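The following blocks contain the structures, represented as structure tokens.
In what comes next, subunit A is part of two complexes: it sits with subunit B in the first one and with subunit C in the second one.
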Partner chain A sequence: MEYKWKITILGDFAVGKTSLVQRFVYNTFSDSYLTTIGVKVSRKEVKLGGTDTAMLLLWDIAGTDLFTQVSHDYLRGASGAIIVGDISRKDTLASLEKHLALFREINPGSGYVIAVNKTDLIGADAGTEAARRHLPATGALSTAEVFATSALDGRNVESMFTALAKKIEGRGGSEK
Partner chain B sequence: MKGVPEILSEKFGIYYALVNPDLALDVSDSALFRYLGLESLPGTLFLADLFYELIGFDDDVAAVISGSRQEFCIPTINRVTDREIYFDLYLYHYPPAGRAALLVVKDATSEGLSLRAVQQRRNELVLKNQELISNEYFIRTLLDMIPNPIYYKDRGGAYIGCNDAFAKFISLTREEIIGKTVHEVVERSNSFFFSDKDNDLLKTGGVQQFEAPITGLDGKKSHVIFSKAMFPGEDGGPGGIVGVLIDITERKRMEERLSQLGTAVEKSPASIVITDPSGRIEYVNQKFCDLTGFTVGEALGENPRILKSGHHSREFYEGLWSTIGAGHEWRGEILNRKKNGALYWEMVSISPIFDDGGNIIHFVAVKEDITDLKRAMEELVKTGNELRRSNETMQEDLQIARRVVDALIQKEMPVIDACAIECIYRPFNIIGGDYYALRALDGGLSAFVCDISGHGVGSALFLSLIRYLSGLLVAECGYEPGRYLAELNGHLAAVMSTYFLTAIYAHVSFDETPLLRFSNGGHPHPIVCRCNGDISYAGDNGPLVGISPYMNYQTFSVELAPGDRVFFYTDGLPETRNREGREIGLDDGLLNMFERARRGSLKEMMEAIFEEMDRYRGDRPVEDDLLLIGIEIMKQARGR
Partner chain C sequence: MKNDIDDILLNRFRIFHGEVNARFEVRFEGPGFFEFIGSDAVSGWSDLTELFPETVGSEEAILRIMEGQRGEYGIISVNRTVVEEIFYNLYFIDNCRHDGTCIIVVRDLTNELLYRQALQQQKNEIQLLQQQLVDKNDDLDSANRALRASRDELWKLNQDLEIKVQERTGQLEESTKLSKRLFTQTVGALMNALEQRDAYTMGHQLRVSTLAGAIAREMELDDFTVEGIMVAGNLHDLGKISVPSEFLTKPGILTDEEFAVIKAHPGIGFRILKDIEFPWPVAQYVLMHHERLDGSGYPSRLRGEDIPLGAKILCVADVVEAMATPRPYRHAPGLDLALDEIMKFRGVRYDEQAVEACERLFRSGRFSWKIPVYKSGS
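Then we have the complex of A and B:
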């Protein structure tokens, strides 16, 4: 079975959304910061169980700040989402709840994971528990699956996308 | 001539394709492929093959195709072909000619890139600002964690920041300090010194370090080491000054105290020696040099054994070193030898000094020359021994004297029919100072009562003399009380002018009318208790006996009646004091006591008088001899 799932990458600006997609799709990393405008859709096929595969359409959506909001049109029809925060910027972690709420409002029942990115900044062995300690322990975040990622060294990037794909499959992700 | 599609694509960046009801694309214009960086693809091309961005929007696409919705748009799609492009994707309901929808791609690369440039700049600024805020917070936290006062000021001398320690040091809040100059945060008397120093630093640049006293606005005086450096401004010139203070007020105070202590040690009247743990002399004070004759140069580096006299055993010194080596203080006396060979005694206290790790690093000996004291002690012991021997002799003499006085004191009263006689005598000391002698004299009674000064061996001897003279004089002038005392006075004054006494000599005759005749030499007056109840003192006073020769003593006469009682006593009775120190007294006190005790026989009355007296004294100890002699005229002569 071959699935096609739209996955939105959400988060404040400069948290590393584009870098995570670049690491996952092309296994590359650039330390120069280039702001994303609008949406950039990348594709990557992942293997599920058996012969099943899924084409992930990764919607790298421009990051938000106080003055810009995500277009709701970008979020419609998404099977899953990765909500990304920067471990070195507390305000981006505080915004995770808001991004997740918006995604769940438009796509109730879709899967999601949390990426606490740039964990290379706090140590080579920073794990999920360390990342979770940086998050608010309230609301949907408290039960969300959290990945301590680093687009720079690639830690947990592949496993996060795969985990999300399996989560979508588990929720009965439709064939497209 | 260019067609419509060429004009739209080249001039307006608009590309289009038609969508069939089965979502197959009819791309009649290859410009769309070129725009998307694709070659013309063979076979049927479906909408989602070319625009995968539409995957997930199946419902929206279906709505446009069915006409339930006129249009649908995904704005600002970013793709990288052979270049980076931005475009808006439109889908319009388009039923003519069996078509379903018109797909329009509008290039927005120019706007996208412009927008990204603006957004990029804004994001970078926000990030930079966040970094600056974070850095400032970090630096502020760092500064506040540093215990030393730190400040920074602009080139005009106004404070632009400081840490908590500086605010505390200045006794102002950070907000109160910022914007002020040094003239507004320290006393004017020293602020110009600091502003001059700042100006010097701004001129020369580099680093400035100096030590200076500083007086705050609250008058608090401190001593501080200033370390200051100039930091550059944006124009490359002096930007301002950052300063770090080290408050050495306490250290200065300690140095002063140490200096005072050093002076005290140096000028100490005791000799002081400091050695290393091996006993090598590291310090001696002036007193040591004065006492031993060794100079400082001669003593340093030596061992204290240079003073060894040879008087003490090896075990003595081993005990000393063992005590101080174990970390304890040693105290004792040592006989030492001066440089000139003279011996001297010292009272020595040696204490170890420890480092932080508990290791002995020095020994300090404080020594006091006790040679004179030892000599004085020896003299004192010698004198004490002599004194003890002398005292023993005296005690032996006193025992002899006591036995003599005991023998001299009359135990048995004479028996006279016409009167009853009772005596109670309580000597205060080993040797009492009171004496009495009562004799029958031709049917009458001769009574001599006296109180001599002192209670020692001399008094005992004097008492022997009194006894001798008083007995002698009875035979000579026992009927003439005035002459009796005058003769006694003459004898005593001639042979023993240093002793004197108070005395009464009395003679009682028992003729038709019993008559008491007496003379008084400074003695408490006799008390007469009449049988009718009257009670009074009798007679008057005369001079003390034995002070001066040729004294006259008046003779007083008192007629008595049967039942009347006459009492002689010494001053121990009226001078008895209660616990408040008040005496019974010779005025009404004594007479009242006699009045209260008047009862029963003469003996019972006298015992009652002593009971009254004991009650009055309470728990206060007896302070003098107590003597009371009573005579009662009988109503009917006994045995006559």
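Then we have the complex of A and C:
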């Protein structure tokens, strides 16, 4: 079976959303920062179980700050989301709850994972538990699946996207 | 006419338009669209989601437009890399036919959004810098708080230490005072031990001590040295404790044997005192207080510089006191003769400076003994 799923990548500005997509889709990384405007859609196929595959349409959405919010139109129809924070900026981790709440409001029942990105900054062996310690221990975040990622060295990037795809499949992701 | 409108829309407003059919296929009219969008297709119908993957997930909204249930649906600010970055808005608009088709409009916003991107980039970079500054400030605040806490802790430690130092200083002062009292009492006890045997010379050592101290001060010796000389003065005849009292109190001239016994007293005093850890050479002063500069003294007939200054001062004070103070068993020549004696032999038997100091003290009236002289029956 071949699925086609819209995945939104959400988070504050400069947390590394575009870099995560670049690492996953093209296996490249650039340390120069170029802000995203609007949305940029990339495609990548992932293998599921057996002969099943999913074409992930990755919506790399412009990051937000205190004064801006993601357009709801960008989120409609998404099968899943990756909510991204920067481990070196506490405010971006505090915003994760807000982004997740918005996504769940528009897409109840869709899958999501949390990416605590730039973990290379706190050590080569920073893992999920270290990343989770940086997150609030309450609300939906406390039960969310968390990945300690680094677009720079690629840690947990592939596994995060694959895990999300399987999560969507498990929730009965629509076939195209 | 239609081509003219297409040209105006494209060239003036950078707008491309086409049609979407019920099979979600799309066809564009007019030139330039496929080149703009970076597609290999040149004309005809193409799959909507292949050409515009951003429409995945929007199928329901588009269907509602085709069925006339909704007038318009848009996906704005879509970014795509062709050769360079392009930006566009994508609109689906009801064509009022309600036949399962709708109008698709692509508006090229590349120039506008590249400009907006540059502005946003600056804004974001400034915010990142501000955040870094705030973080640095927080770090500094945190470091300052830690420093203040350390300073307070140090202050308290200093306070505690100060209290302990004061307590310890008090204990040491008390201990020093006690040691001093014990020392004075011990010297007094030794002095009394002799005078209990020889009541006739009672007060002699104390008077020698005060005169020797006054001479030493007159010679501008330091307080510590003066104190040592006075202690030695209080004990200088301690060796007489082993001399039979009848020898000491014998009126008239002593026989050679008797005098030999008496001459042993500096050495005996020395042996009694030599193992006591005085901070001054007390035993040495006692041993040498009968030595004379010209070698005529005893017990070792030392001369000049071989005799320490303390012993020379004691010698002068001892001679003056012995001659000036009457004893029940002998006549005292008196103070004037005593001073004449030391002046006569100054620089010969007696230290010149000590003699002159002693003479100045008495002549000027700045010194007199306040210690009572023994009187018979007292």
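Note that in this section the second predicted complex is superposed on the first by the 176 of 176 C-alpha atoms of A that agree within 3 Å, B and C clash if a C-alpha of one lies under 4 Å from a C-alpha of the other, contacts with A are read in each partner's own complex, and residues count from 1 in each chain.
Heads up, the rule we're going with is that a residue touches a chain if its C-beta (ideal position, glycine included) is under 8 Å from a C-beta of that chain, and two chains touch if they have at least 3 such contacts.
Please read all numbers here as calculations on a predicted model, not as lab measurements.
J.: Is the arrangement of subunit B and subunit C around the shared subunit A a clash or a fit after superposition?
T.: clash
J.: With both complexes superposed on chain A, which partner does A:71 reach: first (subunit B), second (subunit C), both or neither?
T.: both
J.: Mind working out whether A:31 is in touch with subunit B, subunit C, both or neither, as first, second, both or neither?
T.: It touches nothing on subunit B or subunit C.
J.: Using the touch definition from the top, say if A:129 reaches subunit B (first), subunit C (second), both or neither.
T.: In the superposition, A:129 touches no partner, neither subunit B nor subunit C.
J.: Looking at the overlay, what does A:43 touch: subunit B (first), subunit C (second), both, or neither?
T.: Both partners.
J.: In the overlaid three-chain picture, which partner chain does A:13 touch, first (subunit B) or second (subunit C), both, or neither?
T.: In the superposition, A:13 contacts both subunit B and subunit C.
J.: Is there a shared patch on subunit A that both subunit B and subunit C touch, and which residues make it up?
T.: After superposing on chain A, subunit A residues 4, 6, 13-14, 33-41, 43, 57, 62-63, 65, 71, 73-74, 76-79, 89, 91, 176 contact both subunit B and subunit C.
J.: Which positions of subunit A touch subunit B when the two form their complex?
T.: Counting only subunit A, the residues touching subunit B are 4, 6, 13-14, 33-41, 43, 57, 62-63, 65, 71, 73-74, 76-79, 89, 91, 176.
J.: Where on subunit B is subunit A touching in the complex?
T.: Residues of subunit B touching subunit A: 52-53, 55-60, 73-79, 86, 112, 115-116, 119-120, 123-124, 126-127, 130.
J.: Where on subunit A does subunit C make contact in their complex?
T.: By the definition above, subunit A touches subunit C via 4-6, 13-14, 33-41, 43, 57, 59, 62-63, 65, 71, 73-74, 76-79, 89, 91, 176.
J.: Which of the residues in subunit C end up touching subunit A in this complex?
T.: 49, 53-54, 56-61, 74-81, 87, 113, 116-117, 120-121, 124-125, 127-128, 131
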